[in-house]
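Both complexes below contain subunit A, partnered by subunit B and then by subunit C.
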Partner chain A sequence: MRKLRFSDATRTKQGPKAPWLAIAGGALMIVSGLLSWSYDDRILGDLSIRFFPAGIQIYSMLFGVIAVILGVLLLRRPPWLSPARGLRILGITALVFLVWVLGSIAYQSDGLINLNEGGWVALVGALLITVGGTLSPDVEINVLTWPRLSSTLEILIIVVLMAVLLFTVAYTLDIQDGVIFASFLVALIGLTGGLLGTGFGGYLGFLAANNRRPLLLAAFVVAFLFPFTQDGSDANMSIATQILIFAATALGLNIVVGLAGLLDLGYIAFLGTGAYVGAMLSNSAFATVGWKPPFVVVMLVGAATAATFGLIIGSPTLRVSGDYLAIVTLGFGEIFRLTMLNLDGTNGPRLTNGPNGIPAIPDLNFFGFDFGDVHTVAGIPLGRFSNYYFLLLLLLMFVMLVFVRLNDSRIGRGWVAIREDERAAEAMGVNVFGLKLLAFSVGAFLAGLAGTIKAHQDTSVTPEQYVFLESAFLLSAVVLGGMGTVMGVLVGATILKLLPEKLREVNDYRLLVFGLLLVVMMRFRPEGLVPSKRRQLEFHEDDTELVELVQAEHLQESK
Partner chain B sequence: MTVTETPRSASEAAHALVLEASGVTMRFGGLTAVDDVSMKVHEGEIVGLIGPNGAGKTTFFNCLTGMYIPTEGRVTLNGETLPPKPLAVVRAGMARTFQNIRLFANMTALENVMVGRYCRTSSMALTSILRGPKFKREEAATRERAQELLEYVGLAKSTELLARNMPYGDQRRLEIARALATDPQILLLDEPTAGMNPKETEETMHLIFKIRDSGLAVVVIEHDMRFIFNLCDRVLCLVRGSLLVEGTPGEVQSDHRVIEAYIGGDDEEEESA
Partner chain C sequence: MDQFAQQLVNGLTLGSLYALIAVGYTVVYGIVQLINFAHGEIFMIGAFGALSTWLLFFEGETALWVLPFMILGAVAASVTTAVLMERIAYRPLRHAPRLAPLITAIGISVFLQEFIRLFYGRIPFADFPDAKQRVPFPQIDVVTGPAFQVGGVTIQRSALFTIGSLLMCAAGLWFFVNRTKTGRGMQAVSQDPDTARLMGINVNRIIVVAFAVGATLAAIAGVAQGLQVTNINFRMGFLAGLKAFTAAVLGGIGNVWGAVVGGLTLGIVEAMAVQFIPGTFGGSPWKDVWAFVLLILVLVFRPQGILGAKVVDRA
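After this line comes the complex of A and B, so read on.
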C-alpha cells in the first residue's frame, strides 16, 4: 500500500460558516421530503400527504442526505477530498431539479398557489447548499496518491457499481410519468455528480483504466442481464432494442466521422440498403426476390451491398475535400429514398413495392429458435423484443470490436494523421484516399449489417424510415456523445432515443430541443460528452492544462 | 558507425546516381517559380540548395516530391521516372521534411514516427480486426523501429511526449525521424536548422553526417551559409527560379554572382516575388 502524501500548500482558508450552511441546507431538504409539496393529489404521484414521501420527495431527501454528508466532510477538511466541488454540483443540480419540479406542479395544477410548504423548504435548502459549496475552497486532489487497493477489491468495486447501474437503469425505465422521469434524471446526475465531483470520479476513472477487461466484461454482463429485470414486459425492451440498433449504426458512422474525419450526411441510406436487402430476401409474402438464403448469408449480402454502394459513392468524391463529400452523401441519401420509392413495377423493376414497402416480414428463426416466441429462462419470460435485444447486443459488440481494433492499429494511426494534416500524411506515405475509402466502406458495411436485422425487428421496410432526418439524428448522436469514442456514441444514442420515448410532452418539440441542445453543445463542449482525448485537444488547441493532462496520461500508459 | 566531420570532395562522392531532376519547370499562371532546373544527387552525397527568399527552393522540393505536378521536366529515382504523386514518391524511396514544421501535433513522438512506417507495413482492415500473429509481429516491429529511429536522432527520452509539447529543435529532429521511418534512399530537408541556436545547429549537422554515412543521399535547403558550406559536398544556388551556380562550397562561396544575388541591388524585388 502506498503512503498517502498530503501537502499543506493545497489547504486554503475557508469561511468557517460555509459547511454549516451546506449542512443546514441538506437538513432542510431532508425535512422537505416529509412535508407536503402540492395541494393537488392527482399529479406527480401524489406529493400532498405529509410524512409519507413519494418519488420526487425521496429524491429531494437523497439530495439532503448527500449534502449533509459532504458538509460534515467539509468540516473535517480531509486533504485528499474536495467536498466543496461536490457540494456545488449538488446544489446547482438541486436547484435545477426543484425549478423543474415546482414549475411542473404549478403548470399541472394551474398556478403557484397550489404549491405547499415542502417545495419551498426544499428550494431554500438547495440555495443554502449552493451557497455553502460556493463559499468553500476547492482542494487540489491527485487520485494517484490515494492508497491502492488489492486488485480483487478493485474488481469487486466495479462489480458492485455495475450492479447498482443495472438496477438504476431498470428503475429509471420503470418510471412512466414523463415529469417524474426527467426529475429523476436530473436528481441522478446531481447525486452521482455530487459524489464523483469530490474526487471519487477521478479515482473511478483511474480504477477503470487499470481494469479495462473486467470492466468491459462486467458491462456486457449487465447489458445481458437487463432483459431479466423486465419481467417479461416488452415496453422497455422495445425501446432498448431501438437504442441498440441506433447505437450500432451510430458507432459505424463514428468510424467515418470520428476516426477518419469525413462528414457523411446520407449514412441512413446504408442502413436502408441493408434493411431492403434483408426484406427482399426474407420469407415475407411481399418479398420480391425468390432466393431465400439462410439469415447469415442475408446479413453478408446486405452488408456487402451497402459496402459496394459506399465504394461507388466514395471513390469519385473522397478525392476532393470535405464539403463536397457532405453534399454528395446528402444527395445520395435522397437518391436512395427516391429510388426505393420508385422501384415499384411501374416506374422501374418491381423490387421495393414503392411507398408501400415490404411489410409482414416474419421473425427470425435460428435453428428452430423463433424470435417471435416467448422463451422462459430461469423462470423469467423473455419476449420477442428480448430475443432481438440479445442479437443486437451481439451486433453492437461486433461493431465495437471493429471500431476499437481499427482505431488501435496502423489504419487508426493513418486516420489520425489524416485528420491532423492531410498533406503531411500523404507526404509521409499514408494512403490518404485508400484510408478514407476504407473508412467509408467499413462504415457502410456495418450499417448494412444492422439494417438486415432491423428489417426483421421492424417487420416492415418502407422508404419513409430512411429519410434525411434519420441521418441527421445519427450524426447528432455522434456529435453529442463524442466523436471517436465508443462510450460517447452509446451515451449519445441513449439520450437521443430514450428521451423522446419517455418524455412524451417533449416528443412534438424534439427537433427544437435537440437543435438547441446541439447549439449549446457546440458553444460549450464541441468535443461531445465523452470525447476522445485527442479530439478534445483538436478542439481546444490552446488549453495548456488539458495538454498537460493528456501528456501525463500518455506517460502513465507507457509505464 | 564513424562520423566524418568534413565534407567529401565531389569525386569521392561519385557513387551511383540516386536522384536526377532534368529541366524541371513550374509555372503558376504567368509566374514561373522554377525555371528549367536540373539536379543530380548521388548516393552518400549531401547537396545544398541555397538562394534568396522566393527563389523557388521549396517549390522545387514540392516538384521533386510530387506535391506539385511540374509543368515541364522529369524526376527520376534510380533511373525510374517518378509519377508526380506524393505517395508513389515516398514508396519509391524519397522522404522530406517541411520548412514550417508539419508534425501530427496531437500524436506522441513515437506515434508520429510510427505513421512514417505506414508505407512499409501492410496490415489492412481484416488483419487489424482479427489480430493474428502477423498483425502483432508487424505492430511490434513498427514500434521497435520507431523507437530505434527516435534514439538515432537523439530523442530517446521523448517518445511519449506529444509532438506539440516538444521544444522547437526536437520537433525538427522528430520530423527527420519520421521521414527516415519511410526507409528512404534520399532525404530532402527543408531548412532543418531554422530557428535553432548554434548548439542545436551543430547537433543537426552531426545528425545529417550520420545519415549520409549510413548510405543515404541528402538534399538540404538552408539560409545559414556557414552551416551549408560546412555540410555540403555540392551546392546549388537558385535565383528567381533558375539555377545560377552549381559547384563545391568553395566555388559557390567565392562566386560574385551569388554574393550579388544575396546582397546586391535587386533585393527588394526578390523579397516580394
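After this line comes the complex of A and C, so read on.
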C-alpha cells in the first residue's frame, strides 16, 4: 500500500469547514439534476424538462449523492477511510464531465447562451466539491485496520460487486449516442475513482487477493451471463465477440512480447493462417481443399500450421538481435498477405481465391447445435453472435490458462531472465534459444486457434483483414494495457475495440490516435495501464519505493 | 540479352531508390543502434514536401529550374520531421529498454501516415488536394518525358534522374563523412560513443545530424519516386521503407556503403526475379515476396551483410 500523506499544513488548518463545502457542492449537483440544462429538447436525450432527470442529469445526481456521502464521512473522520482523496478525484472528474457535457450542448445548439440554469448549478457544485476535497486533510490508512468480515460475507461482497459490474456493462453498451456514451464513461471513471480513492480500492484489492478463486469464478459467471442481458439483440454481441477474438489474439501476442520480450510485428499473419486453414477446410462452396474434417481437427490443423510457420520464421532470426526479429516478422506478415493475394489460380496454385478470399463459410455445427440458429434458454433468445460469444469465451479462458501457467512456471522465469539480460541468462544455464522459440511458437499456435474460429464467425476470409496495421493494432492493445499481464490486455483490447464502435464520430481518427497513443505511452507510461509490478520496475529502475514493494512481494511469494 | 540489359536498367533504377532510403536506416543504426522504423514515412513526407512547394509557388510551371526548389522543399520537410521526431520521441527513450523505441517508431509511422491522409488536404490557406487517394505529382521537363532507346533497351528519363541522384548523393556523402569535421565526428561516435564524448564530440548533435542526413537522402528519393510513378500517396513509405531496410541489412547495417551496395543488389535481384524465375511463382506479383525471402536468407547465412558491418549482437 502506498502511504497517503498530509500534503501541507494549510490543509489541516482549514479542515473543519471543508466538508461542508463538499456537502453543499454535492447537494447542488443533486438539485441540478432536477433543473433544466438546455432549451433544446433534441440534445443529448432531452435535458430540458424540470423535475424529470434524463441520463446525463442522473449521472450528475450520482456525483452529488456520492459527494454528500463522502462529505458526511469527512465530518465523522473515520480512521480507516480517507474521503478527502475520493472527493478530490470526484470533484475533478465532475468538472471534466460538466465541461464536456456543457461544451457539447453549446456546440450542438450554437452557443453557451442556450444553456439553462441546471448546467451552471452543477458546475458550481462540482467546483465546491473540488475545493472541499482539496482543503481537507488526507488520512493515513492501512487496509489491515478495516474490520475483518467472515469469508462468506467477503464472497458476498464480491458477488454483489460483480453483479453491479454486469449491470454497468449492459447499461454502457445500451447507450447509442456517442456524446452521452463518452460522458457516461467519464462519470463512471469519476464515480468509481471517487469511491475507490478513499482507500476502499485498497481494501478491495486486499479482498481480491484473499479470495482469488471465488473472484475468478464470479468473473467468468458474469461473462457467461452477459448475453442474457441483451434480450436477443445481436448488435452488442457482435462487438463483444470482436473484443473476445481481439483479446484472445492480443493475449497470445503478450506471451511473445510481454513475457519473452520478443517484438513480433507480423503476428496478424498467424491469426490469418488459422483463419485461412479454417476457411479452406470448411464446407464453404468456395473452399479449395477437398478434405472436410470435424472442426476440432480443423482447429488443431490451423493452430499447428501457424505454429510451424512460427518455427520457420523464428528459428533463423532468434539467433540474431531482437531488432532483426521485429523486421523479419514484419516481412513475414507482408509475405503472408502477398501470398494469400497471389494464390488465386493465375499467379500460383488456386488456394485462396486471391483478393476475393473465401466467402460463404457456413456456421459451426457441434453435434447438431447450429451456431447460426437462435436458441432460447430460460425464455431468453440467444442469437448467432451469442453462440460464438460462448465459444470464444472458452477460447479466451484457455488462452488465459496457458498464459498464467506458463508465466508462473520455470519457463516463465526463464523468459523474465532472457528479457532482462540475455547474456546473463545464458550464463546461468537458461536455454535461451529454446525458450525464445517456444514463446514464438506458443504465440503462433494460440493465434492460429483463434483464427479458425474467426473464419466461421466472420463468414469470409480476405487478405485485407490481415494487413500490417492490424498487427500494430494488436501491439497497441498489449502496450496500452500492460505488457505481461492478463488484466492489462483485457482492458487494452476492450478500450481499443469498444471505443471506435461506440464513438462513430471519431472513427476516422482512430489510427491517428493509436499512433500517438503508442508514442505517448512509451514516453510516459511504458509499463501500460495495468502493469505487472516487476515489469514496471524494469522501466523505472530508480524508483526505490517500487523496488521495496517488489521485493516484499517476492518474499511473500516464497513463503 | 536485351531482356537482361533491360532488367538490369530497371533493377539499377529501383535499387538506386532503395539505396537512397537505406542510407537513412544505416546511418542512424550505426550511431544509436535504433531501427528508425518511421524512416519510410520521412521518404513519403519528402515527396509531399516537393509537391507542396510546387503547388504553392510554381503551379503550372514545368521548366527544369523548378526542380531544385522542389528538392529544397522536400529536404526541408523531411529534415524538419526527422529532427522533431528525434527530439520529441526518441531522445527521451535513449536509455529505455530496447523494445520501447521500436514501439515508438511504429507509433510515429502510423501517426505520420494518418496525419498526411487526414490533414494534407485541410491545411489552411493552401489549396492542397485531398491526400486520401493518390495525388498526381508534377512532371518536370527534361527529367520526365519521352524515353531514350539504346539498342533494344528503354531507359526512362526519370530512371536516369534517380540513378544520377544516387551517384551525386554518394559522392556528397563520401565527402561529408570523410572530409568534414562533423562527418568524422559521426564515424567516431559510431565506433565508440563514450570515448567520442570524452574527445569533446557533442554526441547529441551528431545524432541529430545523422537523422538529418538520412532524411535529406530520403527526401531526394521521394522526389525521384514522384517523377517516376507520376503520383504519390500516403502509403508509399511503408513498403519502400521495408525494402530499404532489407537493403540496409543486405549490405551490412551500420555501414553506409553497404546500404548503397545492398540497395542496388536488392533492386537487381527483384528485377531479375520478375523476368527469370520460371513458372507461376515468377512475375511481378511475387517480386516483393522474393525480396523478403532474400532478407530471411541473408539473416540466416550472413547476418553481417555483404560488406560486413560491425557485427551487431545486442539483444
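Note that in this section the second predicted complex is superposed on the first by the 530 of 559 C-alpha atoms of A that agree within 3 Å, B and C clash if a C-alpha of one lies under 4 Å from a C-alpha of the other, contacts with A are read in each partner's own complex, and residues count from 1 in each chain.
Definition applied: contacts are C-beta pairs under 8 Å (C-beta built on N, C-alpha and C of every residue); 3 or more make two chains touch, one makes a residue touch a chain.
In this text the structure is predicted, and so the values were computed from the model without any measurement.
Enquirer: For A:327, using the defined touch cut-off, is the partner it touches subunit B, subunit C, both, or neither? Pick first, second, both or neither.
Expert: second
Enquirer: Now for A:121: first (subunit B), second (subunit C), both, or neither, which partner does it touch?
Expert: neither
Enquirer: One more residue to check, A:423. First (subunit B), second (subunit C), both or neither?
Expert: It touches subunit B and subunit C both.
Enquirer: Touch check for A:21: first (subunit B), second (subunit C), both, or neither?
Expert: neither
Enquirer: If you stack the two complexes on chain A, which partner ends up touching A:222: first (subunit B), second (subunit C), both, or neither?
Expert: A:222: touches no partner chain.
Enquirer: Which holds for A:414: it touches subunit B only (first), subunit C only (second), both, or neither?
Expert: first
Enquirer: In the superposed arrangement, does A:392 touch subunit B (first), subunit C (second), both or neither?
Expert: In the superposition, A:392 touches no partner, neither subunit B nor subunit C.
Enquirer: In the overlaid three-chain picture, which partner chain does A:538 touch, first (subunit B) or second (subunit C), both, or neither?
Expert: Once the two structures are laid over each other on A, A:538 reaches both partners.
Enquirer: Let me check the overlay on chain A: which residues of subunit A are in contact with subunit B and also with subunit C?
Expert: 421, 423, 538
Enquirer: For the complex, which residues does subunit A have touching subunit B?
Expert: 401-402, 405-406, 409-414, 416-417, 420-421, 423-432, 438, 442, 534, 537-538, 547, 550-551, 554-555, 557-558
Enquirer: In the complex formed with subunit A, which residues of subunit C make contact?
Expert: 33, 35, 89, 92-93, 96-104, 106-115, 118, 238-239, 242, 245-246, 249, 280-281, 283, 285-286, 288-289, 292-293, 295-296, 299-300, 303, 312-315
Enquirer: Help me check something: in the complex, which residues belonging to subunit B touch subunit A?
Expert: 65, 67, 86-87, 90-91, 95-96, 98, 102-108, 111, 114-121, 123-125, 128-129, 131, 135, 138-139, 142, 159-162, 164-165, 178-179, 182
Enquirer: Please name which positions on subunit A make contact with subunit C in the complex.
Expert: 257, 261, 263, 265, 313, 316-317, 319-324, 326-328, 330-332, 334-335, 338-339, 341-342, 346-349, 418, 421-423, 468-469, 472, 475-476, 479, 483, 508-509, 511-512, 514-519, 522-523, 526, 538-539
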